[in-house]
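Read from first to last, the chains carry the letters A, B, C and D; within each, the first residue is number 1.
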Amino acid sequence: MTIHKKLKMGMVGGGPGSFIGAIHRSASQMDGLIELCAGAFSSSPEKSRQSGEELMLDPSRVYSSYDEMFEKELALPESERIDIVSIVTPNNVHFDPTKKALEKGFHVVLDKPMTLNYEEAMELHQIIKSSDKLFCLTHTYTGYPMIKQAKQMVADGAIGEIRKVYVEYPQGWLWKLLEHEDNKQAEWRTDPLRNGKAGCFGDIGTHAFNLAEYVSGLKVAKICADLSIKIPGRMIDDDGAILMRFENDASGILTASQVDTGVENNLKIRIYGDKGGLEWQQEDCNSLIARWPNQPSQIFRAGTGYLTALANENIRTPAGHPEGYMEAFANIYRNFARCIYALEKGEEPKPEWKDFPGAEDGIRGMAFIDHVLASNVSEMKWTPLVVKY
Amino acid sequence: MTIHKKLKMGMVGGGPGSFIGAIHRSASQMDGLIELCAGAFSSSPEKSRQSGEELMLDPSRVYSSYDEMFEKELALPESERIDIVSIVTPNNVHFDPTKKALEKGFHVVLDKPMTLNYEEAMELHQIIKSSDKLFCLTHTYTGYPMIKQAKQMVADGAIGEIRKVYVEYPQGWLWKLLEHEDNKQAEWRTDPLRNGKAGCFGDIGTHAFNLAEYVSGLKVAKICADLSIKIPGRMIDDDGAILMRFENDASGILTASQVDTGVENNLKIRIYGDKGGLEWQQEDCNSLIARWPNQPSQIFRAGTGYLTALANENIRTPAGHPEGYMEAFANIYRNFARCIYALEKGEEPKPEWKDFPGAEDGIRGMAFIDHVLASNVSEMKWTPLVVKY
Amino acid sequence: MTIHKKLKMGMVGGGPGSFIGAIHRSASQMDGLIELCAGAFSSSPEKSRQSGEELMLDPSRVYSSYDEMFEKELALPESERIDIVSIVTPNNVHFDPTKKALEKGFHVVLDKPMTLNYEEAMELHQIIKSSDKLFCLTHTYTGYPMIKQAKQMVADGAIGEIRKVYVEYPQGWLWKLLEHEDNKQAEWRTDPLRNGKAGCFGDIGTHAFNLAEYVSGLKVAKICADLSIKIPGRMIDDDGAILMRFENDASGILTASQVDTGVENNLKIRIYGDKGGLEWQQEDCNSLIARWPNQPSQIFRAGTGYLTALANENIRTPAGHPEGYMEAFANIYRNFARCIYALEKGEEPKPEWKDFPGAEDGIRGMAFIDHVLASNVSEMKWTPLVVKY
Amino acid sequence: MTIHKKLKMGMVGGGPGSFIGAIHRSASQMDGLIELCAGAFSSSPEKSRQSGEELMLDPSRVYSSYDEMFEKELALPESERIDIVSIVTPNNVHFDPTKKALEKGFHVVLDKPMTLNYEEAMELHQIIKSSDKLFCLTHTYTGYPMIKQAKQMVADGAIGEIRKVYVEYPQGWLWKLLEHEDNKQAEWRTDPLRNGKAGCFGDIGTHAFNLAEYVSGLKVAKICADLSIKIPGRMIDDDGAILMRFENDASGILTASQVDTGVENNLKIRIYGDKGGLEWQQEDCNSLIARWPNQPSQIFRAGTGYLTALANENIRTPAGHPEGYMEAFANIYRNFARCIYALEKGEEPKPEWKDFPGAEDGIRGMAFIDHVLASNVSEMKWTPLVVKY
């Protein structure tokens, strides 16, 4: 597929002190398909201007609000105007800019979780469905090539009928009351008004849930949650564990924590079927371990010649040149860009390119949060997970 | 402490096809404190005789039943008679030989779980308490030096107040209906009459539970269990997960499986407090990882000069000469033997020597099984774990 | 430091089938400081045009030769013209474009090794010294943050006086005569005319050598080499090992291979002094293991708060979000760009920014190749490594 | 094979402060085939008596010298007399007791290296050849089951014609002048009179050499050595590296050190052929990694059902129950005992049982030491390794 122009992107959020904004910028630029051309980086016009300057943008395209950005960009000639809006604000500022961007005719990349609550997600879903623009939700971890390899191997029946899924997302960074120590990340992520009513489970529990469903190809049918606030004075959950059953009655265990003191960020998934098992962890993200009964385990590696197309379309370097988190993120952007190009040319994108997370992932994530919180306060063991789209 | 005679041991069970009998024999002999002198290795006299011959025992001390062994050994002069009875039979033959051995005046080492059910365990506990002989239950994993290091570091407050315990015991060997394929181990371990009513959770779930309480120094207060029989045709659980809360409200997650296809036996525990965390897994049993906020993680290693006395008393080789499962098992036997010597000499054993599992571990294990099964069929989330001694 | 414009880059080489060209493009773009604006991607005008189209460049800035590129870019207004030339051709096309680019007034990023031979390197060095433009040689591995951490810890005396350096660069991709199987990479890298007279030692041995000197802060004083051609029919070395002594008489062992069948690319360095040791390997590139006598080993990790400035200036994500090879490469480009900005503004760059490889690394690498080949055919054990600049 | 009596063992050396004596005792006893019945544990009669008491031996069989032991044991009835002499003294007391024990009609297990020097080894070889008793030299590392698996896979051609062998034995325990700090181990191992003229290369270099030849099935043909004394005041080498060529011209690199500060004991071997490669390290001793071109690597594991007979005969526990150094040592004793039983019964032992190290390993080890020292002081690169038996 020959492409003739780079896609232009405008960013909402990602100003001074943002973590994920810088990630989105690097990830989107890495493959040379997307260039950052505009931004409303902060609700403070001065901070937005400052970010624009640091990013060396044309000052005329650095805006004080996303409303201004949408309006003024639309006034530009189509060849100059941004194609994509990337939204990296706290969760309470997801719904409105996404809705407006789509309605104004921009493609949207939105950081997860989809919205502040399930109701917003449902409403946004309708808008996305009725839009002719593309929508992407950055559940980063499904961008790792070896996660894609796992998904494909499961789908191909390599490990047989799934019996068991373990997924864990342990962190320790909120091991103390960091939100009282002038830490911007800690502040908004522990504030129910900006982050949503689930803390740890909104931030990383949803990633673990998304990953489990993505790799297994199965939907979770019921859950049993036990959440905690481990640090006195904190307002929302910072730790928890969930028993799960999938639609085929496979068992699952999902744990997530922000208070496993000293732990970094080692997302891990293990999945076992009646023929074998697969194991992956972010700390060794370029390996996928396959377990077999009465045969040596195998180490599938990124960048090798024996992987599935789904993995191969998401790698840049030969085996042994480690790719990481940023490349996983970049894979989402690259696939999104490839689909935009295909759309523009009226072509059907490769199935591997369409494999980026979207509205359904977002709605399921928001429903997951609601059901986890309900289960957590329920005296009953099981809470069915019923999600309407 | 100078010792003047080896302890003599008689074995109950451990005949042809036994796995754990051979382990007990090697572990007890490794340190030269105990010698195997007698045995009733099978309920089949011929098989018992055959085992005795293979083990090169004096044929006159190879018996057709443990009753016969106890009677005839007692008839021997005290200096020749066995001191210790090691019981390695299936679970339904734990109570009776233990009871009789203690009542006849022998020290007893019993393979876990303690008995076939909680009632037997309670009755046995009374017998143990009223006996002046020593009793040991081989919860192997507490014999690892780095587990002992972890226990001591937790007790010393190194990682602060405990918030979280993850313990998992994944196996895959029963991934298919092996009990229908002429596999003696699979047969009795999946037979509720010989194994007890809990399968996976009787066999290895109890180990994980014991380890969690041992390392944390905390008792589990309530549980929420979800067990499965993943292989159609199997009679008892082969997989499960449990949410737990400890007496201090710390959260716990315990998983155990025999059907994680392709997985070996990688028991793992991770424990986090408000100052740091500790991580250990059997596959790397000579390392203990310590996690700290804003400091590099540390790798504590067996055989080094900086460990606690509790670890140091349970190691044989300098750092880098890997010890393993057999040595962990031997540590239990060695500590047990050291305590017998001290008892015989009227001395107080070192506190480190007394650190071997016994009746309380056994009763808690049997109670755990009962409560797990009750929780599993309960519709309520939480089942209190109340254990009377 | 506020910056007001992106740096514009033109590429020499990197056309269809190139591996390293794509790496340079991604690495240079990742941080948003550099944009690819022009290129002479192939000696075939048609292939160059095709690459330019795929890269969505303005066709008027896609050239048929680097000579043409230099000339036409110079004719553009200064604000449009490229600032940097990135040279990613086979080794026989390093000297000429670098020389010309510098003489025309462009900054140059050159893929390693510096030139086809030592003489070219010496001549180029003079040109670089007399130029007021900056020159960078992409010895990628010194771009890893944990390598920089190691260098700084060694320089700070953390492990004391250096006694021993192990460095190894094992690959297996040339395990068979791939150069006869229509593999473009294998073809030029095993062709002495395009690659230079050393094969494995030109390609990856020089990386290992550079890394050893970079981390240790010591120069190699003498070497003893044993190279091989393990695959009959190959023209240049594909395997070898070198004994080394450093200027302080520390011992070193350097191994490099392209025929360790099945091995990927696991560059590894270990360095020991009289107080401790440091160990790093590319497969776990975000960790640096520190060894201490009679103390637990420590795991220093990228993205944490306790690293040196030299490491911290070369990281993008918090601990546990793995960065990899591309980010190490991007660190070199980012530091180069930061130095260009400082130069343009007449400011002194931070010392951490100046820490990118340059002419001295290149000359030492070329001298290393010559001396390795001389030692290899010598019957004497030691060959002094004498490098004139 | 049914066996009717345990083998009786007498020990020479292994008194207070000995490391390896305790290892030999545990290893020999673990499998219940050998019992320690006598000993001359020290050249000090009082220390020998004290060791005998601690080991709970019959005082009448604790001797003041090995001469006394041999004489008095021979005077005992054959059914009571020791069968095996285990010699664990410093290297200067290897030759004489071995010679005498064999000549008196005892089987001998001797700790490595074989003798103090090559001449003694040659003389001892003649004695061994003319004796009808068995001789075993405890090159421990060839007792590991996964090393035996590697040897067999190489012999079976699994990785094809060997091209490359890396073997390394890094330690750090002699990182300072410990021999001046009242450390008995350090004292004799750095004393040329008791240890022999090679330090590090006598102690562990020989192990690495033995392992390389054992696994590869190839003999080393020439070497190029660079040894050091890294700690001023030390009398013999504590560090070194050797380039090697095998008889088929395969390349080898052997490194050994006692001054890699902070390092434990991680012996490691990697071997590559024209079809694949194998990698093993003591820290993960139950795994053998197999590398293949264009296929996932495999992890072969001890205790599984898919290993060769040579590995299976040397394992006690199912997969996932880690065995270690002591079990590797015990494998040597067990195989030795099995061969003695076969000899006594006039049967041919299984080929797997005969796979324990003996005189040829010992002579080659002593020749290796001589040639390494010669090469170290030679100005020529290569020193042929010519060993006469």
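The criterion applied here is as follows: a contact is a pair of C-beta atoms (placed from the backbone, for glycine too) under 8 Å apart; a residue touches a chain by one contact, two chains touch by 3 or more.
This one's a predicted model, so the numbers in the text were calculated from it and none came from an experiment.
**Student:** Counting one step for each move to a touching chain, how far apart are subunit A and subunit C?
**Tutor:** Between subunit A and subunit C, the shortest chain-hopping route counts 1.
**Student:** As a multiple of 5 degrees, what angle does the CA superposition of subunit A onto its copy subunit B give?
**Tutor:** 180
**Student:** Among the chains here, which has the CA centroid at the largest distance from subunit C's centroid?
**Tutor:** With centres defined by C-alpha atoms, farthest from subunit C sits B.
**Student:** Which of these pairs, B-D, A-B or B-C, matches A-C in more than half of the residue pairs in contact?
**Tutor:** B-D
**Student:** Where the CA atoms of subunit C average out and where those of subunit D average out, how many Å apart are those spots?
**Tutor:** 44
**Student:** With chain centres defined as C-alpha means, what is the inter-centre distance between subunit A and subunit D in Å?
**Tutor:** 55
**Student:** Give, as an integer number of Å, the spacing between the C-alpha centres of subunit D and subunit B.
**Tutor:** 34
**Student:** Could you list the positions in subunit D whose residues touch two or more of the other chains?
**Tutor:** 263, 290, 295, 297, 301
**Student:** List the residues on subunit B that touch subunit D in their complex, please.
**Tutor:** Result: residues 2-6, 19, 22-23, 25-26, 29-33, 35-36, 53-56, 171, 173, 263-266, 282-285, 301, 303, 316-327 of subunit B touch subunit D.
**Student:** Residues of subunit A touching subunit D in their complex?
**Tutor:** Interface residues on the subunit A side: 290, 294-301, 304-306.
**Student:** Mind pulling up the subunit A residues that touch subunit B in the complex?
**Tutor:** So the residues of subunit A touching subunit B come out as 159-160, 163-164, 166, 168, 172, 175-176, 224, 226, 228, 230, 239-241, 243, 245, 251, 253, 255, 257, 259-263, 270, 272-277, 290-293, 295, 297, 378-382.
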